[in-house]
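Next come the structures, one after another.
The two complexes that follow have chain A in common; it is paired with chain B in the first and with chain C in the second.
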Partner chain A sequence: MNRQQKIAWFNLIVVSLALGLSVIAFSIGYFIFGVSVHQASAGFGFMGIMGFYGLNPVLFRKGKSKVQFDERDTAIQRKSVIIAYSIFWVLFVAAAMIPWFIIGPNGTITTNYLPWMVFGGMCVVMLLQSIVTLNEYGWKGKNNE
Partner chain B sequence: MNRMQKMAWWMAIWISAGVILAAIAVAVLLFVIGMPWSIARAGLAFLGIAGFGGFASLIFKKDPGKVTCDERDRLINNRAAIAAFASAYLVTGLACMLPFFVLGPAATISVVWLPEIFMAAGLTAFFVHSVAILVQYGWRPKGEQL
Partner chain C sequence: MNKIQKKAIMRLAAIMSLAVMSAVILFWDGEPQLWNVLGDIGFMWLFFTPVLIDPPFFMPFRRKGKIVFDEHGAKIVQRATTQAFGAFWYVFPIICIGLYLFLNAYRTEGMGMISSGALTIIGGGGGILIALVQSVSILAQYKKGGNDGDK
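On to the complex of A and B.
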């Protein structure tokens, strides 16, 4: 398994863990304990796990002696970024237009909704980028790398 | 000048024209005539001019006999797409976070703000994509025959 695959796996696990635990915590708070949506959304504190994303350069250091990134890796990286952002924009437009259609053009939304769109979008981009990278290289290590 | 450069120029010119005319119209209605913002924003209708940019692929058709796009063109296009996405995400981030920090988390804003955010992001993406293509190829023709 090469460095890019390891990073993609790490990111995928971090994002999935953060999203999964957040949704579980929110659901437990709201459905089992019966607290309000406002209080149950404290469960999204688990999104802080996403901060581990920043450890990528420390955990997966570049080797000094080897060439670890060639044209194929660059092409895969570009493809993953383009696919991730393309899908992100579809979801972003949906997140912008659905409230507009539901509430109507004269309605209002809280400003809290806006950061949710940005950070939700960031999660989507990270998740998709990791999935596309792993799909391109293969999900398992190959002995020739 | 090749087909991609021509399309990029076409797109950049129409988007620039739309944005500049819209800004002038809003400024005139707001500051010169003294209309309220709710009416002066009608000047943003000039942004519709940017839609002419979409005719680029119809005006600059592919030549059926020639290879009009090779690996280098694809590389330039991919790089430009990434630059476009990145700058659009920057605009989106600013447009979402500024109201949150300026007005506060308890404030409410018009739902119309949401489509405006992605429209601004879309315009930014197309404009940066065109400029990135022109920067990579060069702004002037270099004897390319395609």
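On to the complex of A and C.
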């Protein structure tokens, strides 16, 4: 497993863990304890786990004596970034336009929606980039050193 | 001057005309409806002029049999796109989190609301920012390389 795959696995685990725990905490609060949506949304505090994404350069250092990134890796990285940003852009435009269509041009929406757009966008990009990278290399059984 | 540069110049011209039109209407009249219509015209100008310069394969007036896009051009566009999305990821979180903090915490003590129209401006602004940075980067890279891209 090469450095790109390790980073992709790490990012995928971090994002999945953050999203999974957040949804579980929200569901427990809302459905089991019967608290309001506003109170149950405190469960999304688990999204802070995504901060581990910043440890990538520390955990997966570049080796000095070995070529670790060739043309194939560049092509895979490019493809993953293009796919991730293509889907992100569609979702970003939808997130910006759908409230206008639903509540009308004179409607208002809570400002909590704005950070959701940012963190949702980050999640989508990280998740898709990791999945496409792992899919391009092959999920298992291939030694891509 | 090649097609990539022409497209970049057209985009810049479109953004500038959009900005000038909007500013003139805002200061001259302040009528939101008229402003919206002119904004839509600006958007059409922004997104359809590059198609006229480089028509898709199904358009009859597309020039055939000529190389208009080589590795050098592809590399420049790729780099410009990377820089454009990099700029977007600096500006977008700052705008969104800044608005959230300003409206939610400072102005209305936790009960902040934002107009649905403002969200569309954020969406459109993101597109305009990317087009602007990409165009400037393409033109700057060709100029820096001393190559006028005369294809």
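Criterion: the second predicted complex is superposed on the first by the 142 of 145 C-alpha atoms of A that agree within 3 Å, B and C clash if a C-alpha of one lies under 4 Å from a C-alpha of the other, contacts with A are read in each partner's own complex, and residues count from 1 in each chain.
Criterion: contacts are C-beta pairs under 8 Å (C-beta built on N, C-alpha and C of every residue); 3 or more make two chains touch, one makes a residue touch a chain.
The structure displayed is predicted, hence computed values, not measured ones.
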(request) In the overlay, answer first, second, both or neither for which of chain B and chain C A:T111 touches. (result) both
(message) Taking the superposition on A as described, I'd like to know which of chain B and chain C A:F52 touches: first, second, both or neither.
(response) neither
(message) Let me test your reading of the model: by the given contact rule, A:I103 touches which partner, first (chain B), second (chain C), both or neither?
(response) both
(request) Figure out whether A:F60 sits in contact with chain B (first) or chain C (second), or with both, or with neither. (result) neither
(request) Once the two structures are superposed, pull the chain A residues common to the chain B and chain C interfaces. (result) 78, 85, 92-93, 95-97, 99-100, 103-112, 114-115, 117-118, 121
(request) Would you pull the chain A residues touching chain C in the complex into a rising list? (result) 78, 85, 92-93, 95-97, 99-100, 103-115, 117-118, 121
(message) Going by the contact rule set out above, which residues of chain C touch chain A in the complex?
(response) 78, 85, 92-93, 96-97, 99-100, 103-104, 112-117, 119-120, 122-124, 126-127
(message) For the complex, give me every residue of chain A touching chain B.
(response) 78, 81-82, 85, 89, 92-93, 95-97, 99-100, 103-112, 114-115, 117-118, 121
(message) For the complex, give me every residue of chain B touching chain A.
(response) 78-79, 81-82, 85, 88-89, 92-93, 95-97, 99-100, 103-115, 117-118, 121
